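Here come two complexes built around chain A, the first alongside chain B, the second alongside chain C.
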Partner chain A sequence: MRKVAPSSGLRRAEALAGYMLSLPAFILMWAMLLGPAVSVVLLSLTDWNFGEASLRWAGLENYVELWSDRVFWISLKNTIIYVGISVPATVILGLLAALLIESVAHGKAFYRAAFFVPVASTLLAMALVWEFMFHPTVGFINQLSAFIGLPTADWLQNPGTALFALIAIGVWQNLGLAMILFMAGLTAIPKDLYEALSMDGADGAWERFRRVTWPMLGPSLVFVVAITAIRSFQVFETVAVLTEGGPSKSTEVLLYTMVQQGFTFLRSSYGAAITVIFLIFTLGVTLLQTIALERRTHYG
Partner chain B sequence: MPGVTLRNIAKQFGTTPVLRGVSLTVEEGEFLAILGPSGCGKSTLLRIIAGLETADGGEVFIGDRQVDHLPAKARDLAMVFQSYALYPYMTVAENIALPLQMRRLSSLQRLPFIGALLPGTRSLRQQVARDVNAVATPLGLEGLLGRKPAQLSGGQRQRVALARAMVRHPAAFLMDEPLSNLDARLRADARAEIISLTRRLGVTTLYVTHDQSEAMAMADRVAVMEGGILLQLAPPQALYDDPQNLAVARFVGSPPINIWPVEVTDRGDMTCCGHRLPFRARSSQGSAQLGLRAENLDIHRDGIPAQIVRLERLGMETLVHCHINGLAGTTILRLAPGAAEQFSGFESIRLLPKKAILFDLQGNRLPIIESARIDA
Partner chain C sequence: MVSRLSLLLRHAVLIAGASVMLAPFILMVSISLKPPGEVFAPQFSLLPQQWYVAENYTAAFTRVPLARFILNGFFVTFCIFLMQALTALPMAYALAKLRFRGRETCFALVVLALLIPPQVPAIPLYIALWQLDLLNTYAGIILPSTISVFGIFMMRQFFRTVPNDLIAAARMDGLGEFAIVWRIMLPTALPALAAFACLSFIWNWNEFFWPFLIVQDEALMTPPLGIAFFSNAEAGTAFGPLMAAATAVTAPLVLAFLFAQRAFIQGVTMSGIK
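And then the complex of A and B:
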């Protein structure tokens, strides 16, 4: 058979059909994802406050102000501390929980559900419980501390401990998610790898973990780190309900600052600038995740 | 190279017995295939020898050493898995080196970074690298040592699995259907490769397979298993010519053996569908089963009337599928292509067995006497 070159008219019709077919996805993508992000960026470059009738192009004014805003820097620092502690804690504890639950003979489903309850429940409601737990006198944590002879504190009202109390709540909430993802990763590890390992001369728990479990969990690990990092960057409810950024700005975090500026003080464009900073961090995490996953091509 | 001896191995999963007292001996340097349908317990048996599974009863010896109480790593065996079980995150060289590292380096020396600082680690690692090369080169893996398993073809992965098993010169090889993930062409190559490797190394090999042609082609002796029982252990030809059991006769050989229901009179005369057969049973009478290989049937005017239903032309031979009135299924007759030329299908012929094996209704072998041939 001889190949016939398509006429230019046909080719144009085909191209048109292609564009038409991708149009719905294109529209949705812009309306749902890219549009709002671009609007936020544009808004952050104006001086618009909520309710005002007019706006002015302000260039980088908002960002210049952010640069010299003491509260913003505190907020950024607190957020980074929050993420920097809660991510490794969640990942390590989540992995331990997954390994422990995988190793029990009975009641796997129960433990899995128990650890997952905080993920599924409303953090706003759970914050109430935590407020009680952290209560300086009747709270369970101080009671326990006192009982085993550890120092007690007014955890949520002390500038030195408030952020760490919130981190503990965050870890508690995200732990179940990390655990579920790790468990999925663990069940996907072929059993014969462990058997090959014991034939090859390694059958201790540590060797099994180091030679098979840990490397095979690589993709799960990347995903868990990314998702807990993004969720940690989004810390807001506990701050809003339990500490309101205090005491003395010790729990001021990015989203809380943003909400204050944008919704309480109605400085919409300034809030938008903080949101852009927030988006940059989230994007950074996602980018790192993609790079990390693409470097591990051997899991084909 | 020590042999492997099993005494009365039994195993249950829950209430289901998987092995019901299996005893066998693999001679030093022997290549023994364990053949059976899936679920016959052959893989479980191999895993019990390997130490990956504990038997409920019985004893395993490697040489004179009883190993039941030993963990897998202390039994000095190497296993090739059906899935190859290569570590996907390690290179080919690292995969092959791991068994050596686990045995030659102390646990401190194996630690990343710290191990490299300890005295002796370097020269040990160099020795390991030399041994890896020595194994990889004859298998044609020397150019692939830096690759990850995902970057290899099925045949290459299979050779890496072999290299990993060979590298530390184990007392015996255990192979669990190592060729079943390869396509037919590669499988023939890999068969030859495994045979020449194990012959050259002279190492005792236990090879589990469900493929009778693989077992027959590769093994010195074949152990046929069914339902957790060892039915027969014999060299391939003996298994084919002299099966002790109907299940063995059915399992071995392609095309499968023909089974005719026969009646034996009190004088020992044998009939099938009312036709006299040229055999006599020595003792029993009543109903029995006659096993006839496709090449042991002749077209003969004194034979049983049959009708050709299909011709299967395989090139070097033609299989003639026949229907015999009163018999379920088809009877297959093997002819040279020239002899089969006269048929195109649906002709009536007469079949006369020239050699047969007799079984009772339970499938046990019965003695048979060939009576005077009915001459043409």
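And then the complex of A and C:
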């Protein structure tokens, strides 16, 4: 076959094709994601309410108002509690499930599917089942608590427990995702590391975990923590259908507050400011993830 | 002996865990079979004493237009996937295989867009759709999801593994770049595209946030929104019909998941996103 040196004409044709093929996705990406994300930042610096004819540049006024808004601080605190508890719980239980499933020879596929189905299911429909499970008299959870002698409660209607009930639902839904990601990480660990360890004479399950699995799982761990944290910050559905932020604001979370302000009260610019705070948290998680991974590759 | 015992213990823990994970599904189906009196019975039993299947499911499909919700779900997810594939495949090919100025910048923008949670564009998109008079329409539900930067990213990674010789040979045969995307790249990418189709279907079937914001008309509701609407209308009394509706909405998903489990898990492992 004759080698064809790419002439400048061919080069230009290739570049033109590149632009044409990228164009539809490029336009939609700006129209639906990047453009609106920039707009939300700009909108948060105005005083615009939905439907108003005029708009005034307001600088940081919305953020100053947020600073002294009691509900916003409650919402932020609840969101941080939600993320702070559900992330470690999801990650630890997901890792445990992955390790156990990898360690048995039979039933792997069944266990994996059983733990993973909640990730693929309609959270909204399942939230209603959970509402029934948390029912004060006929709910599973109270019946079980009573049976083993633990206190019972009206979990979703009690300000002291409602947020924790939602955390339980969140952990139940995301655990399978953490498990799947850990299983992918586990299969990537070279088998000869375990063989080398057993030649050193250390062959207990705990030794294997502490000296090979745990250190080799580092990058997966960082990734799973970041993904779980980002998903947890997005908690909304369970709040919207089960508690509506109550009782007495005990389940008010960032996205719910954003929807209340931006859509129910039509305060678009104020809702945009809350969106910006939400975005900053999400990007912060990604930044921490990048730093953690880089540190490992440089010094690990 | 010790290892036998430990294996047994591990299976016991796994079975207990799997039971907890599956309990809500079992409970959902169980309640959907029971008459109201048995739902609130103090002693729980898996199967009803008096079967109430026909009554509950008929109620679910007649008290709200549940069949309509489910059809809406299929229609919306199909349109979204079609648009996502039509836009993502050409760009993914260009980013993976063609040389042009700005390619790296374009890919960097895709990665940047991946970091933006789907709720962030909501307020500006709502305002834009209001101006275009598209609130409360199918177009309004579909448009914001027509682009999947995740799809672009996933297909680009896949196209990079396609040998350049294949493309060079197609060019020798006189195929243009546009024809190469649809006649050479698409067939080789079918497994990856199938995995993406599963993910796209499941995510968009379950999507609640956006339809919740822009749909008021009952006739346009997608399955999750329809279930929430039903639950509100019944105000926590008709658990049997409600669980029947929840079962009907969850069934297509669980079936799709079981069918395409491998592809789905691969896709999720690649992304971890969402």
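The working rule: the second predicted complex is superposed on the first by the 263 of 300 C-alpha atoms of A that agree within 3 Å, B and C clash if a C-alpha of one lies under 4 Å from a C-alpha of the other, contacts with A are read in each partner's own complex, and residues count from 1 in each chain.
We take it that a residue touches a chain if its C-beta (ideal position, glycine included) is under 8 Å from a C-beta of that chain, and two chains touch if they have at least 3 such contacts.
All values derive from a computational prediction rather than experimental measurement.
Contacts of A:110 after superposition on the shared chain: chain C is touched, whereas chain B is not. In the overlay built on the shared chain, the residue A:215 is in contact with chain B alone; chain C does not reach it. By the touch criterion defined above, A:290 reaches neither chain B nor chain C.
After overlaying the two complexes on the shared chain, residue contacts for A:279 are found with chain C alone; chain B is out of touch. When both complexes are overlaid on chain A, the residue A:248 reaches neither chain B nor chain C. In the superposed model, A:132 makes contact with chain C only, not with chain B. When the two complexes are overlaid on their common chain A, residue A:15 makes contact with chain C while staying clear of chain B. Residue contacts after overlaying the shared chain place A:198 against chain B, while chain C stays out of touching range.
In the superposed model, more residues of chain A are touched by C than by the other of chain B and chain C. Once the two complexes are overlaid on the shared chain, A:223 sits against chain C while remaining clear of chain B. Every residue of chain C that touches chain A in the complex is listed here, in rising order: 7, 10-11, 13-14, 17-18, 20-25, 27-28, 31, 39-42, 44, 86-88, 90-91, 93-95, 98-101, 103, 106, 109-110, 112-113, 115-117, 119-128, 143-147, 149, 152, 176-178, 181, 202, 205-206, 208-209, 212-213, 223-225, 227-228, 231, 236, 239, 242-243, 245-246, 249-250, 253-254, 256-258, 261, 264-265, 268-269, 272-274. Per the touch definition, chain A reaches chain C in the complex via residues 11, 14-22, 24-26, 28-29, 31-37, 39-40, 43, 50, 97, 100-101, 103-104, 107, 110-126, 128-133, 137-138, 140, 143, 172, 175-177, 180-181, 184, 223-224, 227, 230-231, 233-234, 236-237, 240-241, 255, 258-259, 262-263, 268, 271-272, 275, 278-279, 282-283, 286. The touching residues of chain A, counted against chain B in their complex, run 190, 192-193, 195-203, 207, 211-212, 215-216, 218, 296-300.
Partner chain A is touched in their complex by these residues of chain B: 50-52, 71-73, 77-79, 81-83, 85-89, 98-99, 102-103, 148-151, 164.
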